[in-house]
Structure formats: C-alpha cells, structure tokens
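Chain naming follows the written order as A, B, C and D, and within any one chain the residues start at number 1.
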C-alpha cells in the first residue's frame, strides 16, 4: 500500500467478498506500469492525488477464487485476465459503447480506488476475461498494456498494408509495434533514443528503426500513414505529426502534459486526423485472440519477476536498469498464501 | 490582374478556348474571398507568391459559352457553378476520392494559376456543375464557400440532433451555421467579437450566440459535440477544443498560422477527434441540393455588388464597412461584352 | 391484459415498486403499435407466444411517480418518455454499445415481459428520458416509433442532400419521412397503395409520392441513394432494392417473414449495402431534440385517443378506419386514479 | 482471340502504341480466370456477349516496353502489374473514389474490350503498378485475384481478431483465406465440397475447414463475425448468412445468378450488414505490400503454366484436373518474340 511518495508497506487485509455479478480473483501476476511508479515517486498524477493509503497495480491476472450471486460466466478455478475499470454502464457514454469515457469510472490504482498489488481483487464478471491455457499468467496480466496498443491501432485504423510510425519504444511502444503488425501493417518504423529498445523493437518485427538522437522522422523515405505516438515528448509529437502522409492519422497515446504545439497548417493542408486515447474499450477479446494465436508475444517483454514484498524494488526496476522493459509481481509466491473464504 | 500588392489592372485578353472535355464559362457572378484580399494586400499567402500577373477570384458561376471536343454533359447556354480546382485524376489521392489532396492540383487564383475575375474561364466539364433556375447567379457563385461549410460538416459528422459550436462568424462561419442546420444540428452556438455578425448568425438560425469579448465558450451550459472552427484565431482554437464534450470532434477550418497550442490531455481524456480541412471534394451536388431546396440561403450573405472595373473597390469592401459580409463582382455588367469565338 | 387472441380484460394489480436505480412512471399516454394488434389478433408473433396473461404496449410516456434507491437523474414529477427495453448491460453486445442486440434483453409487451397499457410501469432511470414541456404527452409516447425512424436513418447514413426512398407509408414510414428530412435529405420519395397515407406523406414533407398500384419505383427519374423499407412486403422489398443507385444503402425495417428474394447481381454490380434494423440504440436524445426543435411533428400522426377501458377498441381502430394512422391510450383518464404508494 | 464458344485462334496484330499518359506493357504472365473459361465455353456472361473476336485475359503482369507522352512514373523496363480496368475518372463515382462503379469503365476481356492473352497491352500509367523484384511474374499477375480478396476484406471490415467464414475454396476463396489472415483474422473457417481444396486452405493458414457435403456451417461452435462468400451457390449463401453472429457482415463475392433467398428476419434480428463486391478499387498498393512482405503467397496457387499457343488447354485445365487451382500463360515463351516499335 502506498502511503505517500516513496512510502510503500505490506498490509494484511480481509479477503474481499464478491457482490452480485462479481467474482473474486486470486492474483497470479500483476505488471508494474509507469503510472504505478509515478504515484510511488510523486504521490500523484495530475489531479489524482494519493490522500489515503492506496493499493497500486492495474495489470492483473489470476484465477477465479469465488463467484458472487448471479454470476453466470466464469466458474471457480477459471483463469482470467482482469480488465481494471468499472464503468457505471448506465450513462450516455457507456450506453454508446464508449465505457472508457464513463464519467463515473472506478479504475484500479487511481485514487481512491485500490488496485491489484494484492493477493485478491474483486471485479464484475464482465471484466474478468477467461483466458486459454496457451496464455501464461504474465501474458494474461499484460493483456492490459496490450489493450492500449490494440485500442491505438483501432483508433488509427491500422489495417493490411498500413505504413505505421511508432514514436517511443517503451513498453507501450513495443506492444504498439506488435499490434500494428497484427493488424496487418507492412511497414512499422520505430523511433526512440534508447538503442537497446530499438534493437528489441526490431526483434519484435519493426521493419525500420530510427535513433531519434541522430535522425529525424521527417527524413523518412516515404511518409507513414499512421502515427502511434507513445513517447509523450512534446517536440517529438509535433515532429511526428509533420512526418505524416496526406490523409494520415495520428493517435496520441503517450501522456505529455497539458499542451503541445499542433502544426495547424500541416493538419489542414494534408487533412490529417488526430485523436488521443484514454485507456480502451472492448479490447480484451481481440487482445486474447492475438496472444492465443501467437501473433503477439507478451512474455518476451518481461524482464523481471518479483514477489509482493519486493514491490518497492519492482516499482524502481526501470530506473535501475536501462535494459528493463516490463517487470511483474507474483503475489502468490514467497509468502504464506491466504484462501478466499 | 494583380501585378503586385495593391496593384490591380484591367487587361484585355483573348477569350480562352475549350480543350477536350472542357467548357468555356461566361462568368455572371464571382465572389470576393478573404484570400483574394490577402493576395491584393500582401502579394502572397504563405509560400504562394504572386510572381507574374495573376487573375484573382475562385467563387464563380455563369453559363456555358462553348464546349470542347468530347463534352457530353453541359450544353451551350447551361447555367453552371464552377468548381475552381483541377486535380490530375490519376494520383493515389485522386483515385481514392480525395482529389482535394492531389499534389498536382491546379487551383484558380493560386499562383501561377489564373482565377475568375474575368469574363470567361475554362474548366473541365466535370467541374462545371449545372444549377437549376431556382438558384441565382450570386448563389451559384457562392456554392464555393458553401462547399467549405458542407465539407466541414461532413468531416465533423454533423447529423440530426448534433450540438455544434461555430467559432468565428465571417462568411465561412455563417455558411457553417446554415450547413450545420441543414445537416440536422439542433443546437448551433456561434461565437464572435462582432455583434452585427452575431445578429446575422441568429437570423440565419443559430440557436445561441456568444460575444467572445465577454463570455468564454468554456462556460456553455452543455458542452457541444462538434466544433467548426472558422476563426483561425489560435487562442480561440485552443479554448474551443477545451469546450467539447467527450468523444467530440473538432474541424479546423480557419487558417491561423503554422502552429497553435493543442490541449493534449483534454484530447486524450475525452478522446476528441480533430481534423483540418483543405478545400473540399465531392461537395457541389450536396451544396446545390441544399440551396435548391431552400435549406440554405446564400443570397442573404451578399452585401455588395460590383462591376469588373471596380475590382479594387470590391477587394477592399470588407475593411471599409464592418457590416460587409460578402461582395460579388458581375463581370458582364457595366462594360462592352465580348463574345466567345 | 391479453389472455389470448381477442381476449383483453382490465385487471387491478398492485402499483409496482422501484428497485435500485429504477423509477416508477405514471403513464399519461401510450401508443398502440401494429405488434400490439398482432398479439391481440393471433396471440403470438413468430416464436413469441402469449402463454400467460400479458400487458401490451411499449410506446409510453408519463411522469416519474417514485424513484428507487440510488436514482440520481429524474426526480419525482419529471415528465419522461420510456425506452421500453432493459438490456443486461454486461454482455459483449451491450459493452459495444449495441444494447438492442443484447441476447438477454427484456422488452415491454414481448412475452413474458409486461408492457405499458397500464397506469404505472417501472423502468431503469437510464431508460426514463426527461422531456421538455414543449413535447406533449402523446409526442413523448411516440418517441418510440420515432426512434425506429431515427435508427433507420442512422443505419442508412442519411445526410444533407440525400435522395431517399421510403416504401410503405404506415406509421413507421411516416416517421421515416420526417426523420429523413430532419437528417437533411432533400429528396424523399414515398410509395404506398393507400392514397390517404400518400397525401399525409406529402403534408409531412415528402417531395414525391408514388402510388404503388400504378407505378413502379423502378421508373423513378433518378435512382435514390437510400432505401428505408417500411412495408415488409417481399415483392416491394426486392423491387425497391433494384431501384437504388450505385453504392446505395437499403435499410430493411418492415418485417416481412423469414425470407425474401435478394437481387444478388444488382447488389454486386452496384455494390449496394443492405442491413436490417432491430429496434434501436441510443436514439432518444436525437428523437427528443428533433421534436423539441420542431423538426418532427408527432402529434400530427395521432388520429384517435382512447381510455384504458377502451383498449380493445384502440387495438382494432386501424382495421375499422382506413384514415387511422396512430391511436393512443390515456390510462389516467376515465377512471379512478391510483396513487403510487 | 475468341471468335465464339470453343473457338480460339492465335492472330498476329500490330504492337499497340501508347497514347498520352499510357504505357505499353510486354506481358510476362497472365492468369486464367473462371470468367475467361466461361466466355470460352458460352460466348457470353449474362448481358456481355462476344459479338466480335475478343482477346481474353485480365490478370496480367510484365514490363514496360514503351511509355507514351507525359508519362512520369514507370520507366521502360520497369516490372509492373496491370490493373485491368480503365474508368473515365470524371463521373461522380470516379470522383468519389469508387472508380470500380464507373458506368463508363472499359474492362479488359469484357466485350468489346480486348484483354491480355497477348504479348503486349496498353494501359494508363496509373494502372501499371510497379512491383519489386521480390514478387515473381506469376505473383504480379495474380495481384488481380488477390485484389478481389483484399477488397472483400475491406468491405467486410476484417481486422485483428476477426472470426471469418470463407465459403468456397476456389482461387478466390483461397486468396480470401490468405487476405483475411493478413488483415489480422485469428479464426478463418473454410467450407467447400472439394477435400483437396480444403487441404490447401489448411496449408494456407485456415484454422478450420468444413466439408460442406457432411457438415453445415450452421453448426459451428461459435458464430463467425464476417462472411466472405466465394461460392456463388445460392443455398450456401443463405445458409452462411444464417450462421453469422449478431452485428455480423456478409460480403457476397461469388456470382450466383440474379436472385438468392435472403433470410430477412435473421438479417433484422441480428442487424447483419450485407454487401456485394464488383471488382475492386485502390487495392494494388495493399496487394503489393502483402505479397512483398511475405504475408500472402500467390506462387503457391499456380498449378500449371502454358504458352500462348496453348491458350485453349489453359482455359480448360480446371475441368480436366480437379487438383488444378490456377493456371497462367507466359506469352513470351515458346514463340518468336516481337519487339515494341
């Protein structure tokens, strides 16, 4: 539990109970996201401030330990990936299928909602997605960041033959590379300043990499049609938009502050379309299918595994090791296991 | 003919001949656009520089005076509205139906292509759109700016029940108001700093007006779903984007320089979609239907009529009279009329 | 209550109670739909069989009489229009915004779910849509059939300047005429065999009518772009599809049995798109805006008003009077009024 | 040249000349399509009747032998794939990007337009698509049937994770399997009555095959989302539409006569969308990218190679050998070669 910047403690809490339509999930793997580290470092992200102790973690998978009244789909023992947001499903956004924009969303590890660095979590059955045995626990947890990439490709209209530019080769950029390929892109160009990550991008199928310290994406041989912006770096955003082909689409995934410079005349003369993404909606079925069919390899991204009592170490792995990409916590190892009521 | 900033002269030139598939149009009315005035004042717009004498004017209508070889549609005498751009119709953009993005577009009154402040122009028959008698010569000329509004509404996905914000009530903003209503919008809010134009906007059907000197569009009771940005004023653009509802769309029509500040986090959290417009494609049939059916009134926008020899007066009418909205030139009046060979 | 074909009785039942998130609505007006009459005549529609006594009626409006726990939006006394289906809001269709396709939908007056020929009904607050005073009780009830027309226009991509063919001028065809115009259509051609209904269609704004006993829609001067098929008459369906322009869209609204002949080669050569509609989703906000703004006139369609004890007379009004278009029942008149607990 | 049913002769003709914007292509490979065989057998397809001697063949590739005036893109010697239709590029369909629906289309091997069973053909440079060396001559020719599959997937909105049913495993069905996978489909079920073709479908990546003589697609474990109908067999069409999931899409590619039975109530209750395809538009860039990147293997489909003087043998190969999938003709082999002027 995060009590404040840099202040994480393990606490014993009662195993949660499943309400109507809900299931209790025994967590087997939970990924560490940059937002978890940001809360750990600063105690806040923008207007979201940690005012009471908060359980971090929102990339989780496990098995159903208990089902609440009226649950019809997952049975006890079913392995599931957790979609970590609970929309109200009755506002206008939810009714229109845009539940990620629900103004009443309760999202894991976003104050004051607890997350999944825990042995058990409760979630509505509709958001506990069954996964086949071919998907590992870690991959099942990482279906959450994969969903960010899937959503970006949906928003970017990536399709067979698309020429895609991915700016930023962090965990999200690297899943974006894989999802763009899975959506049929035949050119996937990746730019970053970290050669190790560019090498990994190539291993994952990127057709070209650009070291942003040396080369500008403005100098590409042929302008890309789709930009999946995963760096959140304002000058990179602007430059990448300028690199797009006529009628291109830019999907702004990386968070980069309140304002960035928009190249208005370029957007107009080429009739570019831009959009930002906020989490995802209806992506788990696609994400599961992509991993189960072997089109996306999430295990490949895992560079470290920790126990729950090592949470602090997990949260800071990225800054200690430049080779680190994604670390996961296995809450059921290294400690006495509790049993759901 | 514009020889340089502030230097306009009337010249006698041979009546142009129609090539294969082309028609000669005897111009009856041609509107004066802000871009014409900008060339008159500055001799350039951005990278387009008037280096040789240039005929201005690209909002034109008249009657077919001659048809070239192979022309099958308009006959001599047919009243037509001129779509003032000639794409190559063989590049990838043209083949995809986005002929406005054709890199080889030859557009009227854009150096070095002559425009329509003239007695006769030549255009491909596909871009000489027949108009019914119910549409006046002036309205037929103003189908060009109406097309800008139609295109903006298409790009903005304006539909029945849409709540639309139009920023800027110049000629384009005023056609945007009318087109938004014609596309079924039931709320059309208009902001501007000119009370006379806001009053005209209300007359044309705007459901609410905002005096931007006093009130911010950020304070609207209910956020609009679509922004048709027609001011080109960078701070207004940014503020208007921030006023949009979740899943809203912003169409950036007004030209406002190379860069404007983009509210990135708002675009992301609400998953706004933004795009810019560059002229239009395939809009004339819709524009003709809207005027012929009485849904849009273009004659209402005409605040002054000039003869060809008064071109200079026409080009400067806007700055002399704040009530001026749109002036037109009638090249066939007030002078000896030439006849196509 | 319908006990079987032709067997309707008035029964006293307890006033229903609102559960969590629900409201009790005191019904002021409820329309009679062809499906109500079909159940009355035959005791079934396809596989839906009336096996236990059933309350008919699903076009209802009234005022909120009681709110259940947790209700945040409508207050007691608020006038509302009832959206008569309750989806599960947790299946994949609901999550995707297609709640009309929810396999667990509980829809009013569809066995075994009771409808709204009653003094009170209960509905989730999300489906009790507040209406402004400018919308009458009858019009508020008829937002349900209007929604069918709105949905058809959405599915048909009707927009400004569309050329639309509406086949069948019954209540749904007549709302389709009005909605097509409200979506910006500039040509709305209506075909039917009933001259009285064609005359009403013209009054409501249809630009052309075709007496299907004498003229085929295949002989139209210019092929329509969109078909809103509201007759359900198999030969008419096929003929109307053949009348469409290249790249046209056909929306099959009228129910016409299990199979109809599809003109395959025409669908291929013109790349027509066809779809059927099943109720509607997310249409009430648009329907309310269209009526409140005066773009659609629903009161005009009401040709008869009945009290609850006259339900049988209301159900058979259509067959007794060829001028009848839509009749409504006012449950609060002509009888002692009950009060919600 | 086809003089009538079963009457094919080799004739010497002058090498064609390139007009403005056109190129002469020396054909290296041209595929035999079912339509060629149909003309050979019957002398007609529907309303298209062979009244004068006709050159068959419309799946062609070769190298540029001569360029006409004004040609800017392909140079002499450039290997190209020929898109075999010449639209007028000035009608409303062409301007809208739907050039395949051009009413004035001149399409190879469709009376009275000659095709590509020839040493040389002439085509506008915009339709002579350069191909990289990694694409063989045969594969370059077969980009034409591949385009049919690409277009079907575009129309079907096939994307990452799609569950697709392909009915009919002829050449078009087999390219549809490959394109569906290239568009990201993770389930591709193929039905046919020919076990050899089903085996090939599995080799090409189909995830499941159904022997239509024994099993109905109505019995699939999980309903597919997209149907790519490539059989043209009316009962199969109807049954396959009935097999679709709610909100599914059916793309009717196979030609199957004038009318087929449409399951109306299923289309309505599930809100299925149906469309037919007519050739393709703007597909070559995608098709080239898919083959060049190794995602689609066209060489695999070639089961026979013939010389020009064996045209009759090539046209009848399919009926003589049930293992035959696609045969090609190499006009430059086995005979004296002519040289372009």
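The rule we apply is simple: a residue touches a chain if its C-beta (ideal position, glycine included) is under 8 Å from a C-beta of that chain, and two chains touch if they have at least 3 such contacts.
Since the model is a prediction, treat every value here as computed from it, not as a measurement.
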For subunit B and subunit C, chains touching each: A, D
A-B or A-D, whichever has more C-beta pairs in contact: A-B
Where subunit A and subunit B are represented by their mean Cα positions, the distance between them in whole Å: 44
Centre distance in Å when subunit A and subunit D are each reduced to the mean of their C-alpha atoms: 41
Two or more partner chains touched - positions in subunit C: 96, 98, 285
Residue ranges of subunit A touching subunit C (in the complex, touch as defined): 21, 89-92, 94-99, 124-126, 281-282, 285
Interfacial residue positions of subunit B with respect to subunit A in the complex: 46, 93, 96, 98, 100-101, 103, 155, 234, 237-238, 246-247, 252, 255-265, 267-278
Subunit C residues within the subunit B interface of the complex: 150, 153-154, 159-161, 179, 182-184, 186-187, 285-287, 289-290, 292-293, 295
